[in-house]
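These are the structures in question, set out in turn.
Both complexes shown next keep chain A, but they swap its partner, so chain B is in the first and chain C is in the second.
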Partner chain A sequence: MTTETKSAIRRVSPVCFAAAPGESEDRDGWQVVTRYENEGEEGPWLVDLSHRPRWDVQDGHVDALRPGGVSVPQEAGQCRLQDGLLINRMNRTQAAVWHLAGATDGMPAEAAYTDVGEATLMLALFGPQTLRICEKLSALDLAGLQRRPPFLVQGPLAHVPCQIVVAQRNSGDFGGGILWTCSRGYGRSMVHAVLDAGREFGLRPAGEQRFTDWLPSLSSD
Partner chain B sequence: MALMITCPVCGPRNGYEFRYGGEDKGPRPAQRELSPGDWFQYVHANDCADGIQKEWWVHRDGCGVWFTTYRDTTVNREVPPPEEDA
Partner chain C sequence: MNRLRALPTFRIDPARRVAFRYRNRSLHGVAGDTVATALYANGVRIFGRSLKYHRPRGLYSLDGECSNTCMQVDGIPNVRTENTPLREGMQIKEQNVVGSAAFDLMAFMDKLDRLMPAGFYYRSLHKPARLWPVAMRQVRRAAGLGKISPDFRYGGRCDEVYLNAEVCVVGGGAAGMSAALSAAESGLRVILLEARPWLGGCFDYRPGPSQDGEPLYRRSRELLRSVSEHPGIRVFTHSPVVGHYTDNLVTAFQTGEPGDAFDYRYIEIRSRTVVVATGCIERPLLFEHNERPGVMQVGCAQRLARTYGLLPGERAVFSVGHDLGLEAAVDLSDLGLEIACVADLRQDGHDEHLVTQLAERGIEVLRGWVAARAHGARAVRAVTLATLDGTVQKRLDCDLLAASAGLTPVVGPLTLAGAQMDYDAHTGAFLPSELPPGLFTAGRLLGLHDAESIETSGRLAGLQAAAHCGAVDAAAVVELQAQAAALPGPQRGSKLVTAPVKGRKSFVCFDEDTTVKNVRQSIARGFDIPELIKRFSSAGTGPGQGGIPGHNLPLLTAHLQGKPPSSFVSTTIRAPLVPVPVAAYAGSRHDMCKRTPVHDSQKAAGGVFRRMGVWRRARYFSDDFSCREEVRNVRENVGLLDASTLGKFRLHGPDALKALQRIYIGDMSKMTAGKIKYAAMCNDDGCVIDDGVVVKRGENDYYFTTSTARAGATIEWFRYHTRYDGWEFHLVNLTDAFGVINLAGPNARKVLEKVADADVSNEAFPFAAYREFTAGGGAIAVRAMRLGFVGELSFELHVPSSLMQALWGLLEEAGKPFGIRNFGVEAQNVLRMEKGHIILGQESEQRTNLLDLGLGFLWARDKGECKTVGEAALRHAENDPGRLKLVGIRMQDPQRAPKDGALIVDRRIRGYVCTARHSFTLEQAVGLALVEEPLAGIGTRLDIYEDECRGELLKAEVVAVPFYDPDGKRMRM
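Take a look at the complex of A and B:
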């Protein structure tokens, strides 16, 4: 778990919810809302994770690298989740590393690594009816019934090019969870589109704590 | 029906996720003793096939991969590779 640290750099998330923060903390220069008022108890929830560290890894032999001690999946579209670290294989030469649990020992110095945390935003949508909300936002096959979560889909969500990870799919209903990144300039319109699509299902913005509580339920390697 | 393109990584997707990268003209000609005329032909001249053409595409809104595929230009549909290239 991340400890509270003060930083001289002030970082601003591109994601902004029109909801009253209940609790927040300063973490490495980010103002992180851990709980909003009126989150509801049932979900579905939308959580801003833009403060979580993210790296791009690009190398002719990307398989040989072990970001954070975790091996890169062999095939494009595959994901590996281990100890709160998620690695998405994007194509022959590229992978994305998302520090879902927040902790990182710092980015390796090799040229293969680029810190993209401040180039993109990251959101999580999870809880009941999640896949119904997804169907309103994208023509991509996010239910992916023949694939086992977590898996990666690269394509448009709300018409914005995204890297989407289907992290959980509940059997028998439309519940589950997705995580995604896109260019941070889309922050406002992305949140607007997702909350609008989710309104009929009771979607609400939630603080980081909801995500932290949900993360251990994801199946990992 | 809208154009569908098959990405080698992501599978069949809406053509709007891709950017066209021009006709496939084979490998870049060797630099040594390359005449301006031949270079012009390679860079600018197109066959504009009336039928099946091999061409470059990039999955711009997806995985970012460049690849070649075949399209019937008369109906604007992706088609399987002709037998001699399969």
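Take a look at the complex of A and C:
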């Protein structure tokens, strides 16, 4: 095999939107759409983040680990967002690390880490009426008054087991934002279900830039 | 029919006409009409015919409490037209008629009621036995409601929504709205459900005075404004509650308005508390011909006028048992209805102010009188009134009889939630005596009539719910309780059960044509409690969900047996509380399935997909479902199979090996780097539940595969069987992380050589070896296994999913000179069957253990103290002679393979065929079967029974497996 072959090889996202890309860039084999035509300015938006690195961390002493220099939250369901790195505590021994900002120095060599970027898809849904869209997809209480974003909920979205992080919640307009991962194979079904649920609220696919612009507005715990 | 002049209570817009078709006529209603009110406005009085006797039926409740007004709307039968909003262009048809609703040729059935006593079809038409199928067909043809075309396709939009709240209020009347406001003021999330298309309940249309002297309808609108403006309250109108389950799970379904994104929406609510403020319906008065068109509930008559602008008749008689009846008579008189008389079955306890108002209008009030009989063949023409003992009677001409025996609390949501219901002697109703935690009640449901009492009870219930959630102080509840206690309490209810008549045509259940006489017949047959009567007479089993007979049946049961009503309870109420279109349950139609990373390219290559578990997989690649060419190409050349659905896992941690030893039946400690180990898992019964391969990638670091079906359960399986050990190991599900390509066939190596950046020769990469290398010039990391599931030289290539399409493309390109082509799951099935390799679930079922399948060689008996799952059972099973054994079979007719699952028989069933196909490789029909051990010997002849074989058994013989390449040379080439 030649070098040309290598450079011609492209990664394929599990998520595909029926929308015309406006701008895109080649990044580590991924063709990342940074802006779609007709994204709209009001939202809500659905953004494919499947190309962002994600790690699974499992260890009997997971509390002692500091992925990317960030400490792991103490309680299951808690999240920590710092410098674009989101760490979700899943249970006693396990946490998920999502590189929302994209940058990573590579996965630590410890056995506790597994690269699961290929195992799942990652989507972000944010903007006005986001939680109303979620109500059409899941019985999970993502708008519960008891918890302050960001927090992790593990359960079904569109009947598919997911890790869902409620990243932002606005009072009044049911707006806010969620990020979630689920098995990669569900990509097409998931997007179809979410866009269908969001149609009445004007949900549209958006490029990565829309997410990048939104990310700084998220606060940590 | 002319509408009344605009009233402040209107829910219609008379200026906006809505066209529809009925009996090939173009008619018009107005915006806000239901189908039923639009028909009524156009002079339709008979909407359909009854189930059994084909009696004419008309408007009765306006809330769809019975099947009287069920019609076919836009091709959908049994639509409750009283609840269905009129839409432009609707096509309305009568149902259950021969001819028309007005002139039904089946109307003679009404004369045959003596031939059809209660439970007649249980007692007659069975002897001789051959009579029953004939009779059943005739009974079914004569009875029944609407019919749906087999070709009908529902074209509407259905949706679903899952809500969470601290307080869910069921019922949007004054009490419900007050409860919602009270709870929301404490900062809680409140959901308010209302069955009608607007809030207001019984305040919505009544001009009577509220506590501050304002008309009730105006007070209702004030509450509505407050509710609408409160950000903490979400209102769902036209959303009747369907079910109420443990832990306050409430389900409802909503009918969409024009402009909504749905026609029907299923609503599921998880709420910490529920306030039930569902109010009351009217208890039907039992008298002769009490369902004749022109007989309707008092509220129905008043709402027709007040809400829809339709005077329900020209001359009316009222026969009532509560002050609401008197109030309605006053109101309708003021709106222009001539009222001949008001018969009130109560001797005393009237609201004298209302009696005075009636007297001022010249309307006679007869105390202690009741309607005894409605006259008129197809509609009411007159009514006979009688004293309660029947000794004095008088007949009055009228075209409307507003009749109601009393009020029935709507307690369905309470009983579904497990509330204890008991007869309350004061109200004469079955009321909750004990409520589950987090459930509260309010309003007319409790027997309250006074407007201020109703609102206060709502506020109290809302506050109690808030206190239950910890949002308000208990002292606030106590204070409001004291206020409520000072207000008028529940009103005394009517106790009359039936007018002084024989009851031959006094209908307890309109839906099922069940009369008082039928109930008496049931009791005479020994069915003497409501639950038994319901089943014997069918009362309460129709589309009205027991709304009409629900209260009267237990009262009548007690009355006919001379027992107190408290001796009985109502029949069991079950969900759905109201009829729900099945489409509403179906919701949005998303098939949530998984697709592999090369789904699209397989589809482009002609793949025929089938749903297999959670996946969609390419089963065939041509219209030839025997897969002859796919099989041939693998045997002679090279093929590509997408095996991405295999379960894939990483297992790591200091105790990873212990976990493997516990779960797998083999000795996993003997694994070496670079080699794969085929291994099987058993359950505690020694039955094989899964198989796959395991590789050791590092110290305490393993990678293993499972079958597609078991992937989802694998982590739980490991955890469950090690739950008491405290071992430290970790599992990562990588099923979707890696796509899997099975490159198989004698030319497989030639193809792989062109793509892989490594030596893949037989020496460097022998059979049963595991290698990691790159492909595509170093761009694609590959985990490769030399396996032979299909019996040929095969490479199983595990590749990151996002790169699988790239590698697939490279292999296709490299294989072009050899004629590489896809093969699907069915071809794989044939190939592996020829080789005698099993698929769990196909060659096994729940009882099939490791030994039955001939996989005993996988069992390591000397693993020491690790307590392998299933080992104990296997030790017992190896000495059990009565088990099924997996054998190969060859059919006598080489062209005729039996169906999978066909039975192996002699005088009894001796086994079954697991998989059988015509093998184009062998030019024989061969298969694998599980048979009793005595039949497992080579050469044993077997008879196979196939469904629809008409007694002609297929012949087969037990032969040795594998059928193909028994020495395994081709896998090792």
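Assume the second predicted complex is superposed on the first by the 211 of 221 C-alpha atoms of A that agree within 3 Å, B and C clash if a C-alpha of one lies under 4 Å from a C-alpha of the other, contacts with A are read in each partner's own complex, and residues count from 1 in each chain.
Rule of thumb we're sticking to: a residue touches a chain if its C-beta (ideal position, glycine included) is under 8 Å from a C-beta of that chain, and two chains touch if they have at least 3 such contacts.
Source: prediction; values computed, not measured.
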item	value
Greater chain A contact set [chain C / chain B]	C
First, second, both or neither for A:77, with chain B first and chain C second	first
First (chain B), second (chain C), both or neither touched by A:155	first
Touching partner for A:139 - first (chain B), second (chain C), both, neither	both
First, second, both or neither for A:10, with chain B first and chain C second	second
Which of chain B and chain C A:94 touches, first, second, both or neither	both
Set intersection of chain A contacts, chain C complex versus chain B complex	94, 139
Sites on chain C touched by chain A in the complex	159-164, 166, 187, 189, 231, 261, 268, 270, 588, 590-597, 599, 614-615, 644, 650, 652-653, 698, 700-701, 728, 730, 732-738, 755, 757, 775-780, 800-806, 810
Of all residues in chain B, those that touch chain A in their complex	9-10, 13-14, 17, 59-65
Residues of chain A touching chain C in the complex	1-6, 9-14, 29-30, 56, 58-60, 93-94, 111-112, 114, 116, 118-120, 135-141, 143-145, 158-160, 172, 183-190, 192-193, 196-197, 199-200
Touch list for chain A against partner chain B, complex	76-77, 90-92, 94, 139, 153-156, 161
